[in-house]
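I have a structure I would like to understand better, so I am pasting it below and will then ask my questions one at a time.
In this document, chain identifiers A, B, C and D correspond to the written order of the chains, with residue numbering beginning at 1 in each.
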Amino acid sequence: MREGHMAHQGTALSTAFVNTASEAQSCQLICVQSIQHCLQMGGSHVEPSHMRLMQDCAEICETTATFLLRSSPQHNQVTAACASVCELCAQSCDKFTGDAQMKACADECRRCAAACQQVAQMRPGGAAGAGHQSVP
Amino acid sequence: MREGHMAHQGTALSTAFVNTASEAQSCQLICVQSIQHCLQMGGSHVEPSHMRLMQDCAEICETTATFLLRSSPQHNQVTAACASVCELCAQSCDKFTGDAQMKACADECRRCAAACQQVAQMRPGGAAGAGHQSVP
Amino acid sequence: MREGHMAHQGTALSTAFVNTASEAQSCQLICVQSIQHCLQMGGSHVEPSHMRLMQDCAEICETTATFLLRSSPQHNQVTAACASVCELCAQSCDKFTGDAQMKACADECRRCAAACQQVAQMRPGGAAGAGHQSVP
Amino acid sequence: MREGHMAHQGTALSTAFVNTASEAQSCQLICVQSIQHCLQMGGSHVEPSHMRLMQDCAEICETTATFLLRSSPQHNQVTAACASVCELCAQSCDKFTGDAQMKACADECRRCAAACQQVAQMRPGGAAGAGHQSVP
């Protein structure tokens, strides 16, 4: 992410939002790639529940990113849902020991889950709950 | 929605999923249209929190639709979040009395919220929790 | 789609836009379902290029729907791309003779491709190119 | 983007795809933020055609990113459309001289447009047109 993206963001809380949005985009990205990887591998890699989790994860991550970038006051349920799906996706990827793509996917899912859990408790705009208007 | 879309869906529970997905798509559709309507109207129609709710609503509805169409066992938090956002969006649209587009948007948001609340308690695939495989 | 969705749309051209957006949403819906169907079936159903086409189709249909619902003057390249991807997806589904889900998917893809091809030549708002403001 | 994301990508061409996908995600991100910025600013910032361009840009960038991450052979029309929309969005942002967020948005849109124009001529998987399978 380049500096300019944060031109109008000022508080520590806003930074947490933007960082989590960035993590969610990275997680969406690697899930989309991992789906293709699994299709190439075939066999247990295309087991329906594994593939569905990666699809769910990519989708909820995308939504999480945009809720956070809008500093949405309604982000809490979305980031909590994202943390849950990311953790389950990581566990599903863990089953493929020795597969570098699955390992990278699990690692990113766990980073995203941790970031989402952190912001799921926060209100946008900091203690004042001021929302997107939090330009200093 | 045409019959063919349900070719591989069999149970009453699956029907609830598909119907709610369809409601969520309708709600996404009208929110996208309503955002443009409000931009045309200007004034209080482009108040940031109102516009943000319609964006949030369109986004979470889209995600809800795909989770349900995949019969995702992780749909519960997503449909619950969708119900909350839809209800808030409806309330925000209610403020514009006499505006037919806002009235239609509020009505659809409430239909979607009700449908989401209903399925938020369900497991995919019926009592057995069998997931997408529930073709009879 | 309910009447209220079109509360602020007046011309025949706007109707074509809204109808095509609805077709694109239906096509996204059946592609998302068909991906899960193919994962359940396994074998040649999860061949990477087939699965990728259905993912591409779901994604470009979603984007097409929102461009049209915004009456975007930039819709032309998007609807043209959508028509191409839908046609290729239909051809890929055709290979699975006797599979009702694939047949339904191919049929919907062709309906969407035809609708997209029709509007790809149009400007929003009709002959005057008036954009979204085209309420009579 | 972290190294792990490219674990299964080998050729220079794949790198161009992944880099452009990353640029498209950055562009989506800043457009989503910029929409909120403009709603806060009001006035000419919420002019419908300007707001619509930022929405169109965010949406086509998201689609472009996923097509490229899937190494989709059908990416060409999508990346070409993305380049066009990004360029128009940049021009629309240019009108707000002295606005740091609009300047950052215009800059990112131009970076994304340039990256998209470059890959719009490429086939996935390099000279051999081998697609996603291009692991060395």
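What we mean here is this: contacts are C-beta pairs under 8 Å (C-beta built on N, C-alpha and C of every residue); 3 or more make two chains touch, one makes a residue touch a chain.
Note that the coordinates shown come from a computational prediction; the quantities given were computed from them, not determined experimentally.
With contact taken as defined at the outset, chain A and chain B are each touched by C, D.
Where chain A touches chain C, the two copies mostly use the same residue numbers: shared numbers make up over half of all numbers in play. Among the other chains, the CA centroid farthest from that of chain C is the one of A. When the contact pairs of B-D are matched by residue number against A-B, C-D or A-C, more than half turn up again in A-C.
Between chain A and chain D, the centres computed from C-alpha atoms are 19 Å apart. Look at where the CA atoms of chain A average out and do the same for chain C: the two points lie 28 Å apart.
Residue positions of chain C touching 2 or more other chains: 35-36, 40, 48, 52, 55, 62, 66, 70, 132. Against chain C, the residues of chain B that register as touching in their complex are 1-2, 4-5, 7-8, 21-22, 25-26, 29-30, 32-33, 35-37, 40, 62, 65-66, 69-71, 100-101, 103-104, 107-108, 132-133. Contact residues of chain C toward chain A in the complex are 35-36, 39-40, 42, 46, 48, 51-52, 55. By the touch rule above, chain C contacts chain D in their complex via residues 48-49, 52-53, 55-56, 59-60, 62-63, 66-67, 70, 72-74, 77-78, 80-81, 84-85, 88, 131-132.
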